[in-house]
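Okay, so subunit A shows up in both of these, paired with subunit B first and subunit C after.
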Partner chain A sequence: MSRVGFRRLVPWAVACLILAADVFISVRNHADLDRLLINVILALSAFATLHARMLSLANAGFMAIGAYTSAILAVKLGLPVAISLPAAVLLCGLVAVVIGLPVLRLTDVYLAICTLGFGEVVRILIVLLPGLTGGPTGANLSTGFPYEAMRRTQTWMIAAFLALLVYLFWAMSRSKTGRAFRAIRDRPQAASTMGIDIVAYRNLAFLMSAMIAGAAGAFYAHSVGSLDNSDFRFTRAVDILSYAVVGGSGQWFGPILGAGLLTALPILLRDSLGASIGFLRSFAQLPNILTGLGLLLVIIFLPGGMAHALHLQRKGTRGRTAGSVESGKDALAAPGAATGTGPQDFLSVHELTRVFGGVEALRNVSLQFEKGRIYGLIGPNGAGKTTFINLVSGLVTPTSGGIMWQGKAIHGHRAHQIARAGIARTYQSIRLFDEMSALDNVIVGHHAHIHTSLLSTWLRLPREAREEGEARDQAARLLERLGLSELAGRPAGTLSYGDQRRVEIARALALHPLLLLLDEPAAGMNEVETSRLGRFLLELKDHGYTLVVVEHHMDLIMGVCERIAVLNFGRVIALGTPTEISGNDQVLEAYLGRD
Partner chain B sequence: MDLTLLADPVFLAQNVVDGVARGALYAVYAMGFTLIFGVLDIINLAHAATFMWCAFAGWLVMSQLGLPLPLGLAVSMLAGAGIAVLLELLAFRPLRRAGSDRLASMISSIGASLIMVSIAEAVFGVETRRFPDSVLDPRPFLLGGTGGLRVSRAQILIVAASVILTLALGFFIRRTRMGKAIRAIAANLSASRLLGINVNGVVVVTFLAAGALAGAAGILVGLLTNNIVPGMGAQIELRGLAVVILGGMGNIEGAVLGGLILGLVETFAIAYLPGGSDIKDAIAFLILFLILLVRPNGILGRKTAEGA
Partner chain C sequence: MGLLEVTDLWVRYGSIEAVRGLSFSVEEGSIVCLIGANGAGKSSTLLAVSGLVRAGNGRIRFAGKDITGRRADLIVRDGLVQVPEGRAILAPLTVEENLDLGAWTIGDQRQAHEARNRVYALFPRLAERSRQAAGSLSGGEQQMLAIGRALMSGPRMLLLDEPSMGLAPVVVTSVFRVIEGIARSGTTILLVEQNARQALRISQRAIVLSHGRLLREGESKTLLADPVVVEAFLGKT
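Right, the complex of A and B next:
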């Protein structure tokens, strides 16, 4: 025990040391305390975007906007900080929405590049508007602003604001929103097919990040008392990023540790060691070098940051299980009624074609699906089966042709819209949210059915607790139904292959879909598991679900499917009942082989 | 906008010359950057810091040891190659091994860049260094007498060097066995490994080439602006990004074209727009922003090194 116990203690000891160092430094110097608090706020602003898997380097730019706005309002218009600061934050929010709408559609590195440029442009504007900003060397707040008298209040206000932020992040992390962010961070595509609107969440994250950075900038302006555009250079953006990366962007407390460490360490080194090593005292670049080293070492050796190490420890001891499950209620309660009437109105694809760089993955496929049946989709590797599922679930848009769902065309709709319209799927290569528990994975499936807003989460309205509880119960029942109750508290990534496949099915069912697309659900399962899965699929059908099963296990396909479509080189080569298909010469030749 | 200036052919020609020289410089810088992205999908934000260190390496040997320009250029390119390989070994390879995504490699390059710039600041301070005049005669050629066109030796050298380097890189990528391996890795890294290509070896060669290009750019910028400071990387970083996005990430011809466009646009903005020299720093961003919104794959589309 002792060895393992000791290793478990190390991250906690490190965290405590950082906080102790911060307290030590802060007690001696008010300016250092302000700086520390502001850095922690900045770290949370970087966290807000990183947590949604966005690398934004715009924080320094928003910090500058916040700093200059609040300073100008306070100095030139004589407004109290209680007005100038919220005004600065609102302006940052406005700018974030305006530039976020186009920019946030960009993928990872392009977003980073664009936001890097944004930060530079803010600085250029500061220089170009000397009448407003005081030019490059800035607005000097010490004239016309009772700065010294405000100082004590300032520190108190910064601390209060930080406390509020910590509460907001903590509450969010336990809500639907927090789960959605974790899902997006882990597997954006899977998140979108669970009905999560990735673009909306990215906009929310960017907005929060901008407003928090703006607040930090305003506090910075009032704490430092003068402004210089070079305070908001790219280096600042890198500092902010490093707090969140070193601390860890998976859990809300990570950035607090990161900012604490990277603020305290240089001060400590300079103040305590500097006395004995004169070189360090004059080494102005030391903090930057430490920051750079921190970024490099953490990203290579501890990709989740310090908080990740702590979080894993907690998981080991907590081991949350599904808890008590009300039996009696059926987890597989029939899906909602289809809106269409005729059988053709359920799902039909018409002349569906998808070309990938000159290769036709799917060519002129026309199929109709009726409600309440199990369909099989088979064919050799590369026949276009997964492409078909990707097209119907909205991950891929068709090159030509159409998809009609309940009488409406859904091709071109985004994945989360299709998921919310009642089409759920699983993946051939399992895409669970690995670090979440099996139970939380299934709760993510409920995302579209939890209507609590972020505001009611923050206000702790009773509705939120009720909806969360319901989602938890339903998820637990689904897991029970699939025989996974005992594994509910385990991180999904640690489960066996077959268990992971079943968690994926549970997660898809949590969406209350009308149609379930299963991409090789039995892959990696043994005979016993496969036949149990077959019985479960038939049960789903009895409850009114419609299934499309892509599979290579012929026993499963022949055993449960009512109609089978055979694809080869992107075309439907046969369509019929299992008996018809197994007797079809073309199929035998193309797919089953001739032996 | 001063319309009378538009009518002045000498002024116009002067700006074309200056713009092409500036653009050729951006092209040399951006080629190395885009090569690494095209092959490895890595945004190497330490490319600018590499470039800055190379300029200092050139300055050290030329002004302190008195070496002539060709040797200074060689030393600088070697230094760039060496630094780039160090970056690959310390900042990128461990991440590739761990299967990290490209945001991780971008972050590690940011960390490496910060370290490199900070060390340069600690070592060289903030004072501006210049190459000695003996390296290259600073007097320009005058075409058409004293009110005529001024073309400096540095400008001629930059354009010549960029043409040679572009052709050499193109030959290397398209005509050599190593180039073929690089293109294979650009197309599919894991498949290349399965086919028995020594991926790590080829990647090192790629970084060697990209670093050498950064080294050449460092010397050329030093010759053109005569302003060698630790912060010089930051001045070209955003421009380099704008250039590669303009031309299409990973596209070498695109980097050349994008470099020329940015060089000309910047030069003309300074010449013809009121307050142009102030807004020229914003031009790179405006181009970058517009291209990302309108045509994220750049004007030549996303053809990676293998695509041509």
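Right, the complex of A and C next:
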């Protein structure tokens, strides 16, 4: 126990040491304090994109835009900082929206390269406009700026801005928006089938990142008092990224620690080495080398960053709080009324075909589904069952053919739109948000039903607390219905296979869908657990849900399904009641086997 | 003394105790199955034996040698190989390349080639499809490939984690037949299965886990009729 206690203390001790070092350097030198605060702001701008699973290196470019805009407005037009700075931030936002439209279609390394190019373009423009920016020789602002008089106010302003940012990130991390970002970072596809509009959130993240970097740039201009295009080179972008990586990009406080460490370390080394023997002093790069070494150590020993180590512990102590569940209310509230007119308008697919690289995964499949029934979809592995579910849930678009949902064609709609239209699903290869608790996973399912905007989160409007509370209660009730109350607080990734499947079902039900597509819900369950699941599916039916179940457990399929479609090599080879199917020669041959 | 001896094994993930003081042994040449509800600690037990998770406490002896805390790759060299849950084949590589990875511990090319031919003799389907990407195989064939890959190094003992999961009924039967065949040829098998009925039918002994602890241990035939086992895992019929 004491050893465990000691291990837990280490990350906290490191964090405290960093803070102490930061306070130490700040007290001695105001310029260092400004630098520290600005670097922390920059780190948060990197975090804004990283936690939406975007590797953007545009921060240095936006920092340059912010710096030059605010400086030019203040010096050339003589505007007060209170106007020049917000104007610079707004311009960054505008640029982010414009370049975001094409650039954010890219992901991963392509996005990184493209945003890096953006940074260089900004820098070249600065060099090419000497009348406005001072060109390659840089802009000295001290002439137009009462430098000494502004200093104290500047530091105070930077600190206040940072405090505001910290509040905004803290509040966001506990809200619907923060959950959506975590879901997108963990599993973008699963997030989209929870009704989360990934493109919109990526745009939001890029916009926030750009505006924050712009503000940091403006503060930088007014703090340093002179600007040079080389301040915003590629290396600046890498520095900003490394703050977030060292600190850990999983939690908002990670980049703060990272920036704190990577800013304080070189300053402390510079100062302490300055007093040491001449031999060492002659190595001008020594502080940088030692900082690099420190960076390596952190990455080797704390691969998720410092904040990750802290966060894991917090999760350990928070433990298994399921939250008090209000009993009496039924978690399986009847799904909304279908808007279609007749039963045949519920869901139908017509001549549905999907080709993957020459292979027809699904070929001319036409099926109709009526509301309030349980359908089985069976067939050998690779027969196209999962492809069917992917098509209906919008993760894959059909090569030809159509999907009609309540009288409207939905093929070509994006996954989050289809989820919001009432179609939820689970995955054959489980796609839970592994680091989130089981309860939080289910709350993500409520995403589309929480209407609080980010603004009301930040303003702490009562509606937000009420909606969050309701979502939490409903999620807890759903978990209770699936017999998972005791596991609600556990990170989903640590649950056993069968329990993870149940959490996925609860998460899908949280969308209040009309139609539930279950892809092998009983895989990894034994016979007793499977029959319990079967009873639960029948209960769902009684509540008015419509289900399409892909399964290999024949007891489950034959026990609960009213109609069964059998696929083989992408085609429907049989369609009928369980009795008809179990006597069908083709099905016995291809799938069930003869004993 | 058994080929595999596990004594007082504990596996912990943070504050969660997955396996709590489990002891059992597996006789050479037999099939032993490990059954239990979800989260009972079956997979954790296998992972601890194969060295993929650290045993918190306890001793694991294989062929008379203490392998507790030994590196997973060295345990494979000792002749104890796991077939992972969900098959874990490398989809973009060909069937043959997947098999060759299983022969990683064999330095000699000729020996590796012989091992491959043995696997092809056991699974003719894999020979037919040797140049295909493993991801293009059907689920049952992928399971055969995962087992074949594990057999490449000529292990004394196989750990199978839910080989029947997600497979069509007709394929499940053939997978169990293959497992019996491997055991007959002398390889000892520790089998984790949710399909408890089938697992009990092909195994000689069974270990029943509940909440990380031993609930029952004995001959599979006896356990098939044990009321507690029937109630908890087999259901009616």
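Simple rule for what comes next: the second predicted complex is superposed on the first by the 563 of 595 C-alpha atoms of A that agree within 3 Å, B and C clash if a C-alpha of one lies under 4 Å from a C-alpha of the other, contacts with A are read in each partner's own complex, and residues count from 1 in each chain.
One rule holds in what follows: a contact is a pair of C-beta atoms (placed from the backbone, for glycine too) under 8 Å apart; a residue touches a chain by one contact, two chains touch by 3 or more.
Computed from a prediction, not measured in an experiment: that's the story for all the values here.
S.K.: Which partner does A:Asp22 contact after superposing on A: first (subunit B), second (subunit C), both, neither?
M.R.: Neither partner.
S.K.: After superposition on the shared chain, which partner residues are touched by A:Gly498: those of subunit B (first), subunit C (second), both, or neither?
M.R.: Touch status of A:Gly498: second partner only.
S.K.: Does the superposition put A:Ser429 against subunit B (first), subunit C (second), both, or neither?
M.R.: The answer is second: A:Ser429 touches subunit C but not subunit B.
S.K.: Just subunit B (first), just subunit C (second), both, or neither: which does A:Met554 touch?
M.R.: The answer is second: A:Met554 touches subunit C but not subunit B.
S.K.: Which partner does A:Asp34 reach: the first (subunit B), the second (subunit C), both, or neither?
M.R.: It touches nothing on subunit B or subunit C.
S.K.: Residues of subunit A touched: more by subunit B or subunit C?
M.R.: B
S.K.: Applying the touch criterion given at the start, work out whether A:Asp231 contacts subunit B, subunit C, both or neither, answering first, second, both or neither.
M.R.: Once the two structures are laid over each other on A, A:Asp231 reaches no partner at all.
S.K.: So, does A:Glu467 touch the first partner subunit B, the second partner subunit C, both, or neither?
M.R.: A:Glu467 contacts neither subunit B nor subunit C.
S.K.: For subunit A, which residues lie in the overlap of the subunit B contacts and the subunit C contacts?
M.R.: Dual-contact residues (subunit A): none.
S.K.: How about subunit B: which of its residues touch subunit A in the complex?
M.R.: 43, 90-91, 94-95, 98, 100-104, 106-108, 110-115, 117-119, 121-122, 234, 237-238, 241-242, 245, 275, 278-279, 281-282, 284-285, 288-289, 292-293, 296
S.K.: Which residues, counting only subunit A, touch subunit B once they are in their complex?
M.R.: 53, 55, 102-103, 106, 108-110, 112-114, 116-118, 120-121, 124, 127-128, 233-235, 238, 241-242, 245, 283-285, 288-289, 291-296, 299-300, 303
S.K.: In their shared complex, at which residues does subunit A touch subunit C?
M.R.: It is residues 312, 316, 319, 379-382, 428-429, 490, 494-499, 520, 523-531, 552, 554, 591-593 of subunit A that touch subunit C.
S.K.: Could you please specify the touching residues of subunit C with respect to subunit A in the complex?
M.R.: Within the complex, subunit C contacts subunit A at residues 13-16, 35, 37-40, 43, 85-86, 138-140, 142, 162, 165-173, 194-197, 231-235.
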